[in-house]
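Next come two complexes, and both contain chain A; in the first it sits with chain B, in the second with chain C.
Take a look at the complex of A and B:
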C-alpha cells in the first residue's frame, strides 16, 4: 500500500490548488477525483460534437493573482481573454429597442451612461473609486485564515490582534462605507448613487449571484463588492474568459501540481474518510481500496464532507448541528446553446464588440426582484435574470467554423422547486430561458442547434455541490469570515485532527478564486499566507 | 431668556428636557404637536430613577394571541410554563424548544440593553469588542450569527409551527420596509425583546411621556418651529412660526435629522456630503393605523393575525412594488370597546386609503365583536414619511451608523445643536433623549 503525506478529496480547482502548494513544499500528495475528469465545476466539455462548453462556471475574475504567479499558471497553459463590455438590452419597445452598454473605454462608457442619465455618468467614477477602495481594504482578508474572535488560542489571538490593528488603521470613513456594504441591500445601496433603472438593475445583479436573496434584501450589497474584487493581471474589475474554457484553469493548476510531483487519480470516488480515535488516517474508495495519509484535505462542501464522508458519529454535537444548519439553497442554473449563427439583438442587430463581452438580462431592479419573488415560493422565475457570454467569439476553437456557443447563467431556479426537479421541469426551464431571451434576440430560436439545460439538481448530481449551490454554501454574512462554515472552525481545520477543508465552503467563499485551496495549504504547512 | 430649547414633546424630547432641567438648566420645550398619551417602549430603571418617576409599564398578558386555523388560539404569556402549554397544542417539539430559545435570546437582549443605555460604540471600539467577548462563546457566536440573519431563518432553525413563526416574524419586521426573509431582520426581534422579560418579544406601553408632560420644571410652549438660528458655526436659538425668536446656546431637536438639519437650519451651513447622506437616510413608512369602535369589549387584549412567515412575506411583496398588501398582517390592541389595529404593509402615500379599513375589517370579522365604526388614522406628524423610527431601524442604520456615522454621537457639526429623536441610537422612545442629555452633561 502506497503511503502519502496528504490525500486531497476532490479534484476541483481548490483541491488542485491545495495539492499544488503542498507538493511545492515537498509533500507527497495524492488527489482523488470521483469523476472521469478533474476540475469540479471548473471544467470544459465537448457536449455536442465540435461544440465545447465551460459547462458550469464560465468566467474568470476572482482567481487570485498570487496563485497565477506562484504556480506559474501561464506557463502551464492558462491564457485569459478579457471580457470588455456588458450589454443590457432593455425591454423591446416596438421596433427599435434600447440598451445600456458598459464599455471598458472610459470616455465611451461615460457617453453611454450620460445618454441615459447625466447624473449617473457623473456619479459613476466616484462610485467605482469607492468600491475599488473597499475591495482593496478587504483584500488582506482574502488571503488569511480568519481568526475566531472567541478563541483563547494564542496564535489566533495574535492574528485577531493583527487584523484588528489593520482595520483600526483604516480611515473611519472607509470602515463605515464597508459596514454599509456588508449590511445594505444592493438596491438601497445603488439608490444612493444612481437613478437609471438599467444601470441599477445590471449592477445589483452581481449582488444576487449564487444566493437565494433578491436585490432588495440586505446583505446583497456585499456580494456586489465580491464581484468587484475580480483582479486580472493586477487590473481591478476586469473579467475574463479562459482560452479553452474554464477547464483550462483547472488543467493549468493540475499541471502545476503534477510538475511539483503531485499524483492525480480520476474515477476514484471516496466513500469514507478513515478516522481512528479522533484523527484522520486516510480515505476509502468506493471499490474498497484504502489510502493512508496523516493528512486528509476535503475539497467537497461541508455537508458532503462531514455528514457524508466523515459521519456524524465522529463529530461533536454542536459542530454537527452547525453543519446541518449551514445553508446551501442553490438558486442558479445554466443553459448552454450551440448556435448556427450569432444572436441578433433588436437593440444591436449587427455582430460587433458587444458579443465579445457579457450580455445581461437585467433591465431593472424590479425585474430581478420579481424573478426572486417566484423563486422565494419555490418556482422557476417566469422572467429570469441571465448573464450571457459567447465563448466562441473570444476563442473560435470553442465551436466549429462559423458556428457559436452561448453560455447562459440563469437565476432563479430554486433547488427546492415545488414538486421537485424532473425532465419536464428541466425543459420548462430551458424554454423559459430561450423564450425570454428570444424577445431580445428574435433569431435565437431558429439558430439553436443543440441545447443543454443544467438545473441545481443536476449540478448537485454531476459535480457534487450540495443543493447545487455554486459557492458551496450561500455567501451571506452569517456564513462568512470566521463563521464559514461553522463558528470556531473557519481556519480550514476540523474537529478531527489531520482533517482539513479547502473548498469554497470555507473562507473566503466561492467563485473560481483558488484562495480557499491556497489558504488551506498554508494552514497545513503552518506558514503565514 | 432660557439657556436650552428642546424641539419636540415626544418621550425623547421630554426626557432630555427634564434631565437637563434637573441638571440646573433653564429649559424651554417647544411642543409642535400635542403629546401622545402612551409611549411604546422599554423604560430603563436608570432613567426612571434619575427622573424620580414612578412609571407604569405594561405588557398585555398573554402578550401574543394568534388564532389557529381550525379554531383555538396560540397564547404566549409572561409565564413561560403557560406559553409552553399553549405551544404544545401545536407542536411538542416547538414546546420543548421554547424555554431554550427564550434563554438564548434573553442573553443577547441583556447585551443590547447595555449597548442601548450608552452612546453607540465605535466600530473599532476595543472595550466593546471585549464586552462582546465576555459573553462567552455560545452567546457571542449567537450574537454574531444572529445580527445579519433573516428572522425567518432564525425561527426556522428553532420551530416548526407556522403560526408561532408567522406571528414572531411579523412583530420583528414591525414598521420595517422588509419582510421576514430579508437579511438583518433577526436583530429586530432582539430589539423589541430588549427591556422585556425573558420570553416576551414585544415592547411594553408606558405612561412615560404623559407623566413628564404634566410635570413642572420645564417651560412648555405650543408652537411650530420655523428655523434654527446659527451664528459663526454656533447655534443661537430657534425661530417660531410667528417670527418670535427663542435665544439659547443649546438646542436639542427630537425632530428627525433631515427636518432638523436640512429644513430648519439655513441652507449652506452644512457640508454638501453630509446633506447628501441625510437625503439618503431611509425612512419609509409601511404601516397604517385603524381605530375601531366595537359593539362590546372583546375578552382579550391583543390579537395578531400573521398565520405564517410566507403570509407575512407575501404581504411585503406588495409594498415592494408600491401597493397596499392584499393580505396584510394585523396586530390588534383592544382597550375596552375600542381597538387599535396595526396594518402592515401600506406604502406611506397610501396609508390613509379607504380600502385599508375595509381589508382589515374583513380579515378581523371572524375574531372581533361587531364593528360599529372604523377610522383610518394618518400617521403622527413627527414621523417622517410615516416612519416612527424616523430612520428605519436596519443594521446599516443602527449603532454607530445611526442615523449616520457623522451624527451618531448625538451632536451635529453646528456647535450647541444636538439630536435626540428616534432617529438616534437606540431608537427606543425616551432612551435616545436620555443618552443625548447625558452626552451633553459630559461635553
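Take a look at the complex of A and C:
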C-alpha cells in the first residue's frame, strides 16, 4: 500500500490548491476525486459537440492574486480575459435605448449613468471609492485563518489582538460605514446612494448571489462587499472570464500541483474517512480500497464531510449539532445554451461590445424581491434574476466558428421546491428562463441549438454540493469568518486530529477564490499565512 | 463614445495634429498645429482661442442662492457685487479641498458656478431647506476663452463692453447674446465668453474673424498647460487629489496647504469645513504649495557630466518629482517644465512648511541619461509670470 503525507478528498479547485501548496512544501500528496473529471464547480465540459460550457461557475472574480503568483498559474495555462461591462435592459419589450449600461471607461460610464440620473452618475465614483476602502479594510481577513473572539488559544488571541488593533486604526467614518454594511440590506444600503431602479437592481443582485435571501433582507449589503473584493485587485486584472472556461482555472491549479509532485486520481469516490481513536488515518474508497495518511483534508462541504464521511459518532455533540444547523438552502440554477447566432436585445439590437460583458436581468429591486417572494414559498421565480455572459464572445474557441455559447446564472430556483425536483420541473425552469429572456431578445428561441438546464438538485448530484448551494453553504453573516462552518472550528481544523477542511464551506467562503485551499495548507504546514 | 463640444465642427478640421485629449468626458485639441509651441507664444503675444466648453457649469438661482454658495465655497459669495466673479475652492466637512472653480454673480439672486468635477449632487445635498434652484447647464452652454494681450481689442471690435479683472457682463457680440467675463487660466489678459450651445459656431466664426487682424490662433491644452504653470495656477488631479477621490488621509489637502488661504473667509459664520479650517489656521498648515526654480548651471552641469548639452522638457510634465533639502525628502513637485518666455525651468511643488519659504535651497530629482540625479533648485514666489496687463 502506498503511503502519503496527506490525502485530499475532492478535486475541486480548493482541494487542488491545497494539494499544490502542500506538494510545493515537499509533502507527498494524493487528491481523490469522485467524478471522472476534476474541478468541482469550476469545470468546463463539451456538453454538445463543438460547444464548451463553463457548466457551473462562469466568471473569475475572487481568485486570489497570491495564488496566481505563487502557483505560477499563467505558466500552467491560466489566461483571464477582461469582462468589463454590464448591460441591464430596463424592461421586456420596450425599444432601442431602454437599457442601463455600466462601462469600464470612466467617461463613457458617467455619460451613460447621467442619461438616467445625473445624481447617480456623480454618486457612482464615491460609492465605488467607499466600497474600495471597505473592501481594503476587511481584506486582511481573507488571507488568514479567522481568529475566534471567544478563543483562549494564544495564537488566536495574538491574531485577534492584531486585527483589533488594525480595525481601531481605521478612520472613524470607515468604521461606521463598515458597520452599516454588516447590518443593512443591500437595497437599503443602495437607497442611501442611488435613485435609479435599474442601477439599484443590478448592484443589489450581487448581494443575493448564492443565498436564499432577497435584496431587502438584512445582511445582504455585506455580501455585496464580499463580491466587490475581487475588484480590489483591479490592477492585477484578476476579474474576468478564464479562457477555456472556469475548468481551465482548475486545470491550471492541477497542473501546478502535479508539477510539484502531487498525484491526482479521478473516479475515486471516498466513502469513509478512516478514524482511529480521535485521529484521522486515511480514507476508504467506494471500491473498498484503503488509503493511508496522517493528514486527511476534505474539500467537500461540511455536511458531506462530517455527517457523511466522518460520521456523527466520531464528533462532539455540539459540533455535530452546529454542522447540522449550518445552512445550505441552494437557490441558484444554471441554463447553458448553444446558439446558432448571437442574441439581439431589443434595447441594444446591434452586435457590439455589450455582448462581451455581462447582461443582467435585474430591472429593479422590486423585480428581484418579487423573484425572491416566489422562492420563499418554495417556487421557481416566475421572473427570475439572470446574470448572463457569452463566453464565445470572449474566447471564440468555446463554440464552432460563428456559433455561440451563452451562460445564464439564474436565481431563484429553491432546492426545497414544492413537490421536489424532477425532469418536468427542470424543463419548466428551462422554459421560464428562456421565455423570460426572449422577452428581451426575441431571436433567442429560434437560435437555440442545445439547452442544458441545471437545477440545485443537479448541482448537488453532479458536484456534490449539499442542497445545491453554490458556495458550500450560504454566504450569510451568521456563517462567515470565525463562524464558518462552526464556532471554534473555523481555522480549517476539526475535532478529529489530522482531519482538515479546505473547501468553500470554510473561511473566507465561496467563489472560485482558492483562498480556503491555500489557507488550509498554510495551517497544516504550520506557517503563518 | 466621448462627447464633442459645440465647437467641434470648427475645431476638428483645424486640428492638423490629430492630437486630442480627454477633458471631462469630451475630446478637445491638445494642439492644433503639429507642435504646440506657436500656440503657446500666441497666448503671450497676440490672442489664443481655447474651447473650454467641457467645464462643468451650474446655474444657481433663487432667494437663497447666495446662502447656498456661501455654505459650499470658502469665499464670501453674498458680499460679491453683481457682475463680480470669484475664484474659489470648496471643501468637505473636514476642510479638505474637493474642487475649485468660479462663482459669477449674474444678478442679485442668480449665480453661475463652474467646476472641474461634477457637483450637482453636492450642491443639491447642501441645499436642503433652502429656497434655491440648481440646474446643470454644462451641455447647454458653450464656452470660449480668449487669452493674450490682443484679447481685449478683439472683443471690443465686435461689441464687448470694457470689463475689469474678474468682472462679468452680458453682451451682444456680432449679434449673438453672450456673457463675457474677464477671467482665464493663463495669467494673462484674457476673457471667457459664455453662449448658448446653439450659437457656438456663429460665435466661433465671429471671434476668429475679428481676431484675424490681431493674429488670433486657436490653441490647445498643451499650450494652456504651459501658460497656467507660468501663472502658478493649480490643476485638479495633477497638483492635488480632490477629497472625493482620496484613498488615504495623506492625499488630502486643505486650502491652506494649496496656497489658497487667501480664499478662505473665516468671517463667514458657517461653511463646509469651517471648524477644521479655523483650527488649521491657528496651527499653521503642515504643507505649502510653492513655486520652485531649478538652477540652470546645476542642470547644465548634470548634462555636461555625461557629455550632453542640457535637455529641457518641451511640454509641461505632470508627475510627482521628489524634492530634497538637508539630505532628506521634504516635498514633491507635481507640475513642471521649461518656460520659453522666462527662460527658466520651473515647477509647482508641495513642500513641508519648514522648507517652503522663498529662497530655501532645494534639490530636485532629475533623470539624466537613465540615471537619477539631483539638480539644485530653490523655492520661489508664485506666480512666475504676472504681467501688469492681466489686471490693468
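The definition used in the following text is that the second predicted complex is superposed on the first by the 515 of 529 C-alpha atoms of A that agree within 3 Å, B and C clash if a C-alpha of one lies under 4 Å from a C-alpha of the other, contacts with A are read in each partner's own complex, and residues count from 1 in each chain.
Definition applied: a residue touches a chain if its C-beta (ideal position, glycine included) is under 8 Å from a C-beta of that chain, and two chains touch if they have at least 3 such contacts.
Everything numeric in this text was worked out from a predicted model, so none of it was measured.
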{"item": "Partners on chain A (chain B, chain C) - clash or fit", "value": "fit"}
{"item": "First, second, both or neither for A:176, with chain B first and chain C second", "value": "first"}
{"item": "Partner touching more residues of chain A, whether chain B or chain C", "value": "B"}
{"item": "First, second, both or neither for A:461, with chain B first and chain C second", "value": "neither"}
{"item": "Touching partner for A:111 - first (chain B), second (chain C), both, neither", "value": "second"}
{"item": "Partner chain(s) touched by A:445 [first = chain B, second = chain C, both, neither]", "value": "neither"}
{"item": "Which of chain B and chain C A:162 touches, first, second, both or neither", "value": "neither"}
{"item": "Which superposed partner A:119 touches (first chain B, second chain C, both, neither)", "value": "second"}
{"item": "Touching partner for A:376 - first (chain B), second (chain C), both, neither", "value": "first"}
{"item": "For chain A as apex, the angle formed with chain B and chain C - C-alpha centres, to the nearest 10 degrees", "value": "80"}
{"item": "Superposed arrangement (fit on chain A Cα atoms) - minimum chain B/chain C Cα distance in Å", "value": "6"}
{"item": "Contacting residues of chain A [partner chain B, same complex]", "value": "149-150, 164, 167-168, 172-173, 175-176, 179-180, 182-185, 188, 191-192, 213, 216-220, 325, 327, 366, 369, 373, 376-377, 476-478, 483, 487-488"}
{"item": "Chain A-facing residues of chain B, complex", "value": "122-124, 126, 129, 132-133, 137, 140-141, 144-150, 153, 157, 178, 181-184, 280, 282, 310, 313-314, 317, 320-321, 394-396, 400-401, 405"}
{"item": "List of chain A residues in touch with chain C within their complex", "value": "107-108, 110-111, 118-119, 121-123, 125-126, 129, 132-133, 171"}
{"item": "Residues of chain C touching chain A in the complex", "value": "1-3, 22, 24-25, 118-122, 124, 136, 244-245, 247, 249"}
